[in-house]
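Chains here go by letter, A, B, C and D, matching the order in which they are written, and residues are numbered from 1 within each.
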Amino acid sequence: MCGVFGISGHDEASHLAYLGLHAQQHRGQESAGITASDGGRLVTFRDMGLVADVFSQETLATLSGKSAIGHVRYSTAGGSFLKNAQPLMVAYRGGQLAVAHNGNFTNAAALRRQLEASGAIFQSDSDTETVIHLIARSTKDGFEARVIDALNQLEGAYSLLFLTKDQLVAARDPKGFRPLVIGRVKNAYVLASETTALDLIEGELIREVEPGEVVVIDEQGLRSSFPLKRQAPSRCIFEHVYFARSDSTLFGESVYETRKRLGAQLAKEQPASADVVIAVPDSGVSAALGYANASGLPYEVGLIRSHYVGRTFIEPSQSIRHFGVKLKLSAVRATLKDQRVVVVDDSIVRGTTSRKIVKMLRSAGAREVHLRISSPPTAWPCFYGIDTPSRQELIAASHSVDEIARYVTADSLGYLSLEGLGAAVGDPKGQTFCHACFSGKYLTPLSV
Amino acid sequence: MCGVFGISGHDEASHLAYLGLHAQQHRGQESAGITASDGGRLVTFRDMGLVADVFSQETLATLSGKSAIGHVRYSTAGGSFLKNAQPLMVAYRGGQLAVAHNGNFTNAAALRRQLEASGAIFQSDSDTETVIHLIARSTKDGFEARVIDALNQLEGAYSLLFLTKDQLVAARDPKGFRPLVIGRVKNAYVLASETTALDLIEGELIREVEPGEVVVIDEQGLRSSFPLKRQAPSRCIFEHVYFARSDSTLFGESVYETRKRLGAQLAKEQPASADVVIAVPDSGVSAALGYANASGLPYEVGLIRSHYVGRTFIEPSQSIRHFGVKLKLSAVRATLKDQRVVVVDDSIVRGTTSRKIVKMLRSAGAREVHLRISSPPTAWPCFYGIDTPSRQELIAASHSVDEIARYVTADSLGYLSLEGLGAAVGDPKGQTFCHACFSGKYLTPLSV
Amino acid sequence: MCGVFGISGHDEASHLAYLGLHAQQHRGQESAGITASDGGRLVTFRDMGLVADVFSQETLATLSGKSAIGHVRYSTAGGSFLKNAQPLMVAYRGGQLAVAHNGNFTNAAALRRQLEASGAIFQSDSDTETVIHLIARSTKDGFEARVIDALNQLEGAYSLLFLTKDQLVAARDPKGFRPLVIGRVKNAYVLASETTALDLIEGELIREVEPGEVVVIDEQGLRSSFPLKRQAPSRCIFEHVYFARSDSTLFGESVYETRKRLGAQLAKEQPASADVVIAVPDSGVSAALGYANASGLPYEVGLIRSHYVGRTFIEPSQSIRHFGVKLKLSAVRATLKDQRVVVVDDSIVRGTTSRKIVKMLRSAGAREVHLRISSPPTAWPCFYGIDTPSRQELIAASHSVDEIARYVTADSLGYLSLEGLGAAVGDPKGQTFCHACFSGKYLTPLSV
Amino acid sequence: MCGVFGISGHDEASHLAYLGLHAQQHRGQESAGITASDGGRLVTFRDMGLVADVFSQETLATLSGKSAIGHVRYSTAGGSFLKNAQPLMVAYRGGQLAVAHNGNFTNAAALRRQLEASGAIFQSDSDTETVIHLIARSTKDGFEARVIDALNQLEGAYSLLFLTKDQLVAARDPKGFRPLVIGRVKNAYVLASETTALDLIEGELIREVEPGEVVVIDEQGLRSSFPLKRQAPSRCIFEHVYFARSDSTLFGESVYETRKRLGAQLAKEQPASADVVIAVPDSGVSAALGYANASGLPYEVGLIRSHYVGRTFIEPSQSIRHFGVKLKLSAVRATLKDQRVVVVDDSIVRGTTSRKIVKMLRSAGAREVHLRISSPPTAWPCFYGIDTPSRQELIAASHSVDEIARYVTADSLGYLSLEGLGAAVGDPKGQTFCHACFSGKYLTPLSV
């Protein structure tokens, strides 16, 4: 779970990177970083924390130049340390090089063993360091050729941005797992994981970077090629279900509209005898509205999300339990009192949060709680860049829907079907999206 | 704009105060503080910042004892300095004393001049210091009698909590401007500005502290009296419109339900030929749902509020303007594209934010923007504890509705009437609520 | 133990205060603060920590104006809290007032009880707050008259600086316990505890503020009066022995020269059969040089003081002991090996540090260790502003010189006599200095 | 300018490393770091700042295990950035590896170009990263063999410590430029740049690690070898003149005694008609004592060094100049007034500091100022690990002694001769010490 941003040709490149990362903060809250090039030298600043906390006027001022790449990160591969924050920056034969990566290389471990065997040293735990070694060791001429040489050895999911002193290079894996768009702000080209970044900086969306495409931006302008072996695309369906922000245009579609369709389809598949539909905010709101519209039940606010949830919160040693969810969500008694409530959420991971939410709704007066999930049971881990827990921790990997319903103490529980999900995202046959987290059908070889 | 919390008789008093303040963080984000008593000695910790940032495990550990009071603050009277953070704590003839105050004494300046004339020194700019001087100088016997003696000299709005080594005393002004409720958690009594604090700590609401009531909690239990001159109540109507959290039960009523009624009434008074109703989140959501229901128009999400807005944000020096609102809100293009949009907000203060929102909606594709406000024009400053700007800065003080509509560039603008507002809060004749910010009818003498 | 600084009539008043406090940092390392006046308004910034850490370019910039007072503090009366940091600043009938105090009022507790009885509130534990109350309650006309009225009620030791919007007032108690000098830098008047402050800012020493003198500096220039009851002076002899910096001119005498005389006198009174004289740095160096010269023994460096002693140092949980002194001092083996060593220190308080030093010298090879102290046994606590421990903790209060020698494991121990001390400071009859810490002859009534 | 520390076989290894670094803080104040091994895994913590500021109880607690290496750093090669802080830690074919380096590889740039040409990537600017690459790429079997293979390719100055999960390896270059000693504390072996580290942790000095020696410490104990090509030793003479702490035993000699001999020799070579000898503290004190003894002039304290010099100090914008030295040093008027003063310092680099000191002495009353330097003119930069400025900035590279005397405004200036220096350190023919900074005779090939 990461977000990337790149810009080339703007006098305030690092400042726009800062804003573009802020607009993608939902894609990673653990660390943030920017590398800028002034045409001669790259400078990187990165630290643990949110974009607005990591950067100050002073640090941004050190990041001068007309091109920049940035990154926000939430774990995936590699633990939670500063050394794993991105962009990674190194010096190699070709000069300075920085890279920002959203995704996960599925053959990184094997490649790392090979690289180590031939004398490579690694300073982070991140799989991203692998691609830098491959570029540095490539015998091809020219940076673009080296990048392509490296990518031809890598498998898995990647939306990658590279910055050298005079080039900004973007690459997206042939299956197009992770999003990557290209836009313009004035005369500058912009690359971003999500369109939210373009919206904030008042940029204009040009198009998606296509699966398998490599884009090079430099003084000659922008050029594009498709040097990687063509593969059938398999975009990440979970971006639509949960990960992207609902005001994004993702893979060419409005996330908000798609989620409303998920909710509408869910209402058809999993109706409920109830008085009111509420959402688990924020990700469940769009689907809840779709469910309410399709079912004819009224949509109400039943849970409120706090704006002040600190990342470290001190819990009392005794007497009171389960503050985790309560600090983040609070129940609206007036909506719930004596009502039969449909509560719509996007997914159930371990089940513990859902269980707390159901209990919170009941203790605020709900007579019945019908939990509806706008995706199929999440039964398989993601190896393509979403930070899901291991299969043992996924409640749907080992429990039936009835068992999960009992565990979360809901009066009823209904998931959207895989077919319904496909229909809602415009992929009824399940051919253009990756749905491995629901189906277990992984689309690349997995190594360890 | 402040929130208070008090607890007596709990082994983790300061910890519950911490949670109780967090649940009232929306009432003040500038400073936070807690004073605890271990039966012998009071200890205070307070600092600028959010509750979760101000306190650490270490600082909470220093606040031992079974009773505590806490405070979150956003200016009102007194500038933005640590010395104005509360609780204020002093030593006087009667020992140690701490006080937390929500409201504003309207005769504080005159009293301060009198006190200074007789040799008093003031260390803060806050009007709250006045009540401490009056208590310290009272010739009455016993702490409760001194408090009452002091309150009899004070006018204006106050929900006050006092902590001594062995007593927790609460007082609410005779008009009951600001809310104050009493509840229980296990064997401990709890006092809080809003019921949200009780909900978080799994406490039980007993009742409001009544206007003019003084409550004393000590080893003998709780006793109540009404020692202040009776007056007609005039609760703050703006708490219902904007300030309280929508899951609160305020003055005995659900804020959420009340706001939905405001929206429904607004739809009746100010209909619009439109395709969709959206809210300015978060405070406009309830009213927007009420408007949508009453008007028959669909409710959609048209603006999303960011969870990551830092308090200091670095803006680019050139090229890009007006980031203030854009960093906080983003528009959902799919909802707005080519639509005639009703956007519901709770109030217009200076007009600058509304203007930016209207522009943001248009640049996301809205064909028409009809701004609807779920309260009358805010034309008068509040002297009872809400931090409104001066009358010169209130756009409605000097501009007609048409002029405001033009300024904010809306296709139409409609406010709720004062009568409609009264009806929605159950005070059709405007007799039990203070609506001075809308009507200019101040209910206490104002001195400077 | 505090240092004060005041300046009036300089465009960079707060900046010079910052430097002047830094030059007096040895007088107090716990907190630092500055109040500046721009002619209309006073602004104060103060915090726990060293001068260079407390202030930043930003905070200094907020302290604008042509006059300022500052303070560095190490406890004395009042615990170790921010609220006790100075300058204290209040508003009272006469406007804003700030005060910085070096010394200790010996009747503060009694006055505080009286003030509380008549309704005063206290926000700090510091005795300094008392003088502000007395000024605020004075019925005299004019600030100077109020100050004099207040001082006439106070006993004990004080070198005080007061700042109002348009006046800088300095006062020194009639016995002149604590130093206070007046100087000039360009057209500005400067007040400081020690001449080191003048030296750093390239100012010129005019003279001491006399015991019992009150100096007022404002637009009319400087005027002086002696409104307090005349008393025989009793300057603090311990300033010469230990507290002042050795490059200071104190009470008109060079501290360095005085300390060398102490050492020379000590050599006469307490000779030793030894090979070498070393000092406990830094305060013992001058006396050690005097001892070496007078005794004919060579002076060598036997102990080095670290420049990097942090205030919090983490000690290993096991295996190693007594790091306190070792982190600060290290022994020079080459000087000590097989030598009979005279080690000169200024005083022995609890004896624990001396004991560690003697052991450190022996384990670095010293054959004999002869401890010589350049003052008499410290047997009585100071009530005039030096932060000594209670009488129970002073080893000389309950132990003979022989017993102390055994405790600190020295081969011999010799103190300077009270007569010798008096002779060295030019007060052979003990009439112009306070030597209560050695003699127990307190020169003012002491109340609790 | 760096210091290293290593320990193996102690339950509180990282804690002793922390103390050992603190005792060598004078060797580098820019960054500090420790890597610890618990037998399975290495953990590193490092940051910019002093040892006591970088580490906390919490961070030390994460550094568990029985062996550790640490490093304090002041620039040399590589700019002032966290990425250049040491120990460097990587993973490579052989597992985890950390390295701490004092010195400078004179062929690092050439090696780096070779390594980059074969695909290596560099994440720091430090020359130390080179040795890691060479180890990782070595085809030898076993860690010790790989280290030796790497060292055989490296030229210049190095005292190196390597830590793997189960071995601590130390190596010193064949010329022995930088010091490195081996000692014991209980059953643990300790390695340190200076004996001060052993003294603080109450360890016992065993001996120097010899030039060209490689020491391996693991479960089998300690073994030593001399696998590198033998060369004539050339220890750094500047360690004796300035860099080492005066209580150290350096290259088998007392630094304090050596410096006194330098001073005595200087008195012989460069006598002065004067009244008093003073030192520039702290490094000039030993030589000044030697000068005073040899010349028969009295030694006095004429300059005092502040204990409170912050690393960032805010200077006034106008009016006052040259605070740099004045904040650190202050003049003792009583010593200087009307005197002819010999002031002894260890070296003159740019001349600016000496100039300020001379002026400070004069404005404190000195009638004549005779500057004596306890080493020859510093006319050549160091390539072996001392952070000297470039040759252009060294005043002695382009100015005669007379010109320098005029620049620093001294009445006379005298340097120690190279022969005198050699005599004082026991190397009269200049054969066992490196004196390239004085003579320009570099003892290794220099590449860029």
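Here, a contact is a pair of C-beta atoms (placed from the backbone, for glycine too) under 8 Å apart; a residue touches a chain by one contact, two chains touch by 3 or more.
Being a predicted model, the structure only gives us computed values, none of them experimental.
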item: Mutual neighbours - chains that touch subunit A and subunit D alike; value: none
item: Length of the line joining the C-alpha centres of subunit B and subunit C, rounded to whole Å; value: 49
item: Whole-Å gap between the CA centroids of subunit C and subunit D; value: 37
item: Separation of subunit A from subunit C, taking each centre as the mean of its C-alpha atoms, in whole Å; value: 61
item: Interface hub residues of subunit B, defined as touching at least two other chains; value: none
item: Touch-based graph of the chains, sorted into line, ring, star, complete or other; value: ring
item: Pairs of chains, among all present, that meet the touch criterion; value: A-B, A-D, B-C, C-D
item: Complex contact set, residues of subunit A against subunit D; value: 89-93, 116-123, 132-133, 136-138
item: Contacting residues of subunit C [partner subunit D, same complex]; value: 10-12, 15-16, 18-19, 22-23, 25-26, 29, 50-53, 55-57, 60, 186, 196, 199-202, 245-247, 249, 254-257, 282, 285-286, 289, 293, 298-301, 304-310, 312-314, 316-320, 323, 326-327, 330-335
